[in-house]
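Here the chain labels run A, B, C and D in written order, and each chain numbers its own residues starting at 1.
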């Protein structure tokens, strides 16, 4: 990903998506569980921002919050989510509905179960036109065929009249993508879109998403646990752990000089080209439970370099321009 | 003063709580001469009770019943429900008036000769079957030869077994020769089983069960099993102008509560099978008339005479004495029945014996004394098995059980489904105590008693055999003079109170309800509905 | 994850509503069932009169101080009869459900575990039994076995067998699908041991939950049989035959029908709520939804 | 699709045959002789023997069965022991009554169960959900014959709005026919709607928690769109198979309701057939009921299959 992509992060216009200090808590029997803790994250126009973390780090919850589809027992206690400068929280449900599918669209992880088994694919892909443009089903269907063509689905008009169970995994994800980009929404939220697919299909879908970003000028929040995908896809990346952002910055910078021990461990655990020869080390221990989070740095009991200062959590310290990390060691290394 | 007192007398006579003899005695007390009272009685017996106004043609009478008929051929109609249909479609030589007195119907007149061994009937002229054939003596001969045939399967064979021969004297005269004098013969001639069937049609293969054809007031239209039987008016019925209603429909409603609801809501406009528990509701209904009539539906308890300890008459008497018949009447019949405190023959019948063996409330002390005397110092255990779907019997069961317990007879109550009851309890006499009820269709003393008391009869399942009793019964049946028969039935009932082979309980009244628009309907003691032809429906 | 469709108010919800709701179900269900079962066990002790004493003088009395729930057409105390009736109705339901549970369970496990022709034949037979309307089946069975409470129990039990067998078969197949059963095979566990130690414990819970619902239905079925004169025979009181007689006095003495109706409602409601509560507790998928 | 129907039909015939065999054996094992029930308590032994010979009850069981089956296939179900009339025509005249009652009740049950079930599921774990669930449980605890009596008492006897019972064919007088069927269908339908409602709620909860519903929401679909366009069809597929079974249970209730509302249906025949040990009537009516229930199950299964494209359209590629 070339550096000038950064040019888009100019300060004069608001980001497509601005999450500031977002905190989400769950009511459970054992008290409130803070799954997302004071997260700040921006996505600029035509930018693909990666949000990476182990499963249970709160990245999916953040995505759901953006779409306003949090489970009933979850509460946003602090922070704000802004779409092109306008806040989404507090909007009445009716207005939120006008945004979903038109301003923000979602690409799910498991396309197999994300398509309604009893409806034809064409109808499902065309539904946004009916929902938001009040189109009749005939025009919606022609639009759907056009979108299916955009996602390089062979014989789109024939495929449109078929049912999801007649599609392969890759074709289903293409259909979901077609559905997502139906109304050219400015922001796409992709929640691990390729995890459920085998590798060959995975590459095609990733290329498709990049093509969409270039041709449709769509910005994307790309949620994954796979650094290799981040390296290939994203301009900017946020590393999330136990609900907190531990490091964020441009992809080159972070891959070159990871600031936070957790990011370093992640990189060592990922078979990217450069680190091929180093044997892969898995990170001992597991994510702390969101109910009783450790006082200081969240990574303290799994961090090889912990020292007494770690019981006080550091802010995001600057490692270099466009690159900050939440670890005291950053300062010492300078 | 006299008029309203007389009116109340007539009312109680009509409702059956007053017997004819009682009526005559009371009328005499009022200073009305015996002759005047008797003429009053007979006029009331035949003529309409109240001033009913002018008869009106038209309307449909819908009557509700709870059981299905078992066929429409007189020779094979074993159930009461069949008889109620047969009597509308066919006619009989004689007929019974509301008080069950026989009067000539198809027969214009009759002579009895040879000391009661020969009966000669002169038939009405111009009587036609529903298909237009003329009724002749040949039909009468054919009918009774058919009933007397060895394998006819006729359930009431006892009524025709004393007929030696039936001869056609001329097309309108028929003569019956009997083997021996038969007291109730004329009543047998009025029995639905003795209905005259069309010889030509039956011989040419007509199945009377499916398509009955007779000379009766109504023609058979259709039968939907378990739902309805439809009749239409017989335009050339030999009683001019009758019947008054255009059509009649018997609706079969098996659930007794649904039956009452049907009457209350007007789905039907007549029923003589109102369950006791709902009679008050029918009485309270403004547009329904509610009548009670003491007929011959008596309920009795059968101690198994062939088994310990009920083979001992003392124990059987103890059972009778232990029972509180007033409680049975109140509990199981809601006050709509008469306790039987002596002989089985009801008060309104000439065979009645006015002698009390046990007070209506019973005599528990005497009963327990008898039990001890019979060799059971602290009583005994026994069982009582009842048929499960007769509401009145199921209602009396618990009361009888409680009464017997007080006299030291601890009976365990068991019930059984009807078909299995007949098979495994009734016909095989496998019971200590059971109960049954019966609507005697004939209203002749013989019919009340012979079936239960005579040795070897189908209904004598309590296995009681006494030559003395059999002798009395046969003599009573075969003597011709009424007073002679009456004296024999008195002796017979006195013996029955000593031996107590069965324990008579209560005589359930006929409970009738019909729309007030139905005029001039006189209920019959036998529970039959022949008199429907005289009634009409006001618009 | 179960997703709430519309996020109305954003106020803070106290303790998780789901937890309390499930507990409340179990509590109410448990109390109602307890009430019924206790009155069945201690019927003689707690009922003010004997259910059989007849006193025609005081028949059809509305509820009064002497007879809290009035008297029936024979002057018997309705409260005592409804308490004693609980004994019969609970007994009928208990035996019926166990017949259904054991019969259905065995058939279901056999069909599920052995599969192939065994499964085909058993399930075909079950489908046959299932397609025959319950009450008709009960009537035919009662006619065959004769009318007594024991026969009512077996008849109702047999009606439950297909339902339980289907459940047991599905549960067994679920357990079989999980790999560790193959592991058990490999270490040489005999079929019987597998059945008892692996399969049985896992399918007991869904069967037990279904038993609760079946319990409720059994009480209802007994009353329908009584309506047809095939249930508990007089003078034995059962909710069914009391309800049946009550039907005949609906407008003169409404309490005759209402009281057994209420008792049955308590019994059926209790077992259903208990069943629902248990289902939520044991059904993993629903617990996740919390 | 036709393959589906073919397999269902193929399974239909053997099941019916098996039912008739089971019924025939059960009926003949039933204690309490038919002859005594038919001829009355004072039937002589000679009359009983003649009756049993006449009806062929003295022949070995399998001969009786094959003879009966041979005739039944041709529509001749023999004559009733009670009234010596052929059973076939009576059955034909009674079937429409029972069908009308069962179908009306089934429609009412579903008309209540489907919307309320969906509503309860939509408000899962909230107050409305528990209110509807308790309502369903209470309704499910009321026996249909009790509800029938209450309805008669109020609507027929006090308010006198509806007739208390009886039957008039629809062709003859539609208005009267409908008024006659309102109460019976309601008493049966309301009670069985309770069970169906609980099933619909469970199925709907399952569907509403699936991924494609989440997709629909993410597209900005409003709740009623989500329920009616996306969720309902999926829930109905599994719901209908249970619904079919409930139709069978509902048929059981028909026996009692026909009795109370004086409807000349087939249910009454079965009851009478048993009580009077009238074998031909019992066999014919019980078999008819089973055939109808099996047919209903088949129809409902087919409807469920039609709703589910996965069963209709074969998978065209991996």
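Just so it is clear, a contact is a pair of C-beta atoms (placed from the backbone, for glycine too) under 8 Å apart; a residue touches a chain by one contact, two chains touch by 3 or more.
A quick note: this is a predicted structure, and the numbers were derived from the prediction, not measured.
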C-D against A-D, pair bridged by the larger set of C-beta contacts: C-D
By mean Cα position, the chain sitting nearest the middle: D
Whole-Å separation of chain centres (CA-atom averages), chain C against chain D: 22
Distance from chain C to chain A - Cα centre to Cα centre, in angstrom: 51
Distance from the mean Cα position of chain B to that of chain A, given in whole angstrom: 94
Multi-partner residues of chain B (each touching 2 or more other chains): 257, 389, 417, 420
Touching two or more other chains - residues of chain D: 31-32, 149, 157, 214, 217
Per-residue multi-chain contacts in chain A, two or more chains: 69
Complex contacts: residues of chain D adjacent to chain B: 31-34, 36-44, 47, 50, 80, 82-85, 90, 93, 149, 152, 156-157, 160, 163-167, 259-262, 264, 268-269, 272, 275-277
List of chain D residues in touch with chain A within their complex: 210-212, 214-222, 225, 229-230, 233-234, 237, 307-310, 313, 315-318
Partner chain B, residues of chain C touching it in the complex: 52-54, 56-57, 59, 73-75, 143, 146-147, 229-230, 233-235, 247-249, 251-252
Contacting residues of chain A [partner chain D, same complex]: 67, 69, 97-102, 105-106, 108, 110, 113-119, 124, 127-128, 131-132, 162-163, 165-166, 168, 176, 179
Residue numbers on chain B that touch chain C, as the complex places them: 256-257, 275, 277-278, 280-281, 327, 330-331, 388-389, 394-395, 397-399, 401-402, 413-417, 420
